[in-house]
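Letters A, B, C, D, E, F and G mark the chains in the order given here, with residues in each chain numbered from 1 onward.
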Amino acid sequence: MKPLDVLQQSLHKRVLVELRGGHSFRGVLDGFDQHLNLVLSGAEEVVNDQVTPKAGVTLLRGDSIVYISP
Amino acid sequence: MKPLDVLQQSLHKRVLVELRGGHSFRGVLDGFDQHLNLVLSGAEEVVNDQVTPKAGVTLLRGDSIVYISP
Amino acid sequence: MKPLDVLQQSLHKRVLVELRGGHSFRGVLDGFDQHLNLVLSGAEEVVNDQVTPKAGVTLLRGDSIVYISP
Amino acid sequence: MKPLDVLQQSLHKRVLVELRGGHSFRGVLDGFDQHLNLVLSGAEEVVNDQVTPKAGVTLLRGDSIVYISP
Amino acid sequence: MKPLDVLQQSLHKRVLVELRGGHSFRGVLDGFDQHLNLVLSGAEEVVNDQVTPKAGVTLLRGDSIVYISP
Amino acid sequence: MKPLDVLQQSLHKRVLVELRGGHSFRGVLDGFDQHLNLVLSGAEEVVNDQVTPKAGVTLLRGDSIVYISP
Amino acid sequence: MKPLDVLQQSLHKRVLVELRGGHSFRGVLDGFDQHLNLVLSGAEEVVNDQVTPKAGVTLLRGDSIVYISP
């Protein structure tokens, strides 16, 4: 299974995205491109166990991503 | 929804942009390119809860961006 | 043996992946691409000897990888 | 408005350029290229509120830039 | 002598590979590509004088490499 | 004035080059390429106000450069 | 003089190579490529005034290089 296939299969499902520098995001994957830029809806940012909900859709830059899991 | 479509839909709306190193910007998205370089008008820079308004339009370099949300 | 051949031979086997910043992952390699983006199933994240199991498949961004071993 | 249009409109006007690592520069924008490398004349470097004037023209490498504002 | 020729000559010989962030690896060079991704067999990881043997072949990402010596 | 024109005009003149990580160099610009790699002759390295003269010509890697001024 | 010409002229001569993170190397330049990857023979690594001789030829990755001087 190719990495982009994983994203294709995760569309419209909840994912956890870990970013460099200790941020992470949880939300529903609404889109992506070949640079691993991601679109999340209903996202929550998690920094040091502190959860901040984000209105609308959040765009995460692929360059900042360490891993993506369900 | 592709990442660049999110930016297209956010044109002329307020966005929050988180940059590497703890800066963030709030402002109205007036433009962007495929590198995720962004143009904000009426922008405010936020560093450690300290808000600094920026006159005119601010150009944010895509390389420095972690995420963009409404 | 070329680096991508190592990944090809490791398909469906357990690997250890060390990431920048002190994270590492153990899991079964289910896929990869030429950027060294990896797909792991049954993955566990290891940070400072603390092990966190990850449900489903985990996508690791190649940019963050330092080394991969069995 | 595209990011490079902002630079085109800022030609021969004063700009503030924030660089990675806490440096910033103020000066008149005399030129730029598509990598966001910038040419400033009459520039002042600002590090921790300490202002150092720079003679002649200063070339700022685009890679180091976080944002540009008027 | 071109850099890649050095790797070609080092094939099946022991090398020391220094990575960013204070890791290093010793092992027999079994392969490489033009990105300087390396394949080591019988590798040992060395961090702060602590040596950890690695079973099988280890793939080191070229991006993380500082230098390679015999 | 394009950024590379600034370098062309600075040929055979003294420049100050600030690098990432607090190094800087002063010297006569003897050459450059499109990556902003620079050749300085009669260069002095300055680290924390300590000046070290360099014999012959010094090649500075463009990737490490923050700014160049006269 | 173009940056790569400096390397061409330094072939078979002793150079000092400063790397990111406080390492440096001294040795005879035996080769290079357009990425500034370098081949040194008879190299010594210098970290905090501690000198470690390296047997055979050492390959330095261009990405890690800050400057090269005679």
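Here, contacts are C-beta pairs under 8 Å (C-beta built on N, C-alpha and C of every residue); 3 or more make two chains touch, one makes a residue touch a chain.
No experiment lies behind these values; they were computed from the predicted model shown.
S.K.: Which neighbours does chain B have in common with chain E?
M.R.: none
S.K.: For chain A and chain C, what's the span in angstrom between their mean Cα positions?
M.R.: Whole-Å distance between the two chain centres: 18.
S.K.: In whole angstrom, how far does the Cα centroid of chain A sit from the Cα centroid of chain G?
M.R.: 41
S.K.: Where the CA atoms of chain C average out and where those of chain G average out, how many Å apart are those spots?
M.R.: 33
S.K.: Considering chain E alone, which of its residues make contact with at least two other chains?
M.R.: Expected reply: 20, 63.
S.K.: Report the order of chains around the ring; begin at chain B and proceed in the direction of chain D.
M.R.: Read from chain B toward chain D, the cyclic arrangement is B, D, F, G, E, C, A.
S.K.: For the complex, which residues does chain F have touching chain D?
M.R.: 1-7, 20, 36, 62-63, 65-70
S.K.: In their shared complex, at which residues does chain B touch chain D?
M.R.: Spelled out, the residues of chain B in touch with chain D are 19-21, 23, 25, 30-33, 37-39, 43, 45, 54-61, 63-64.
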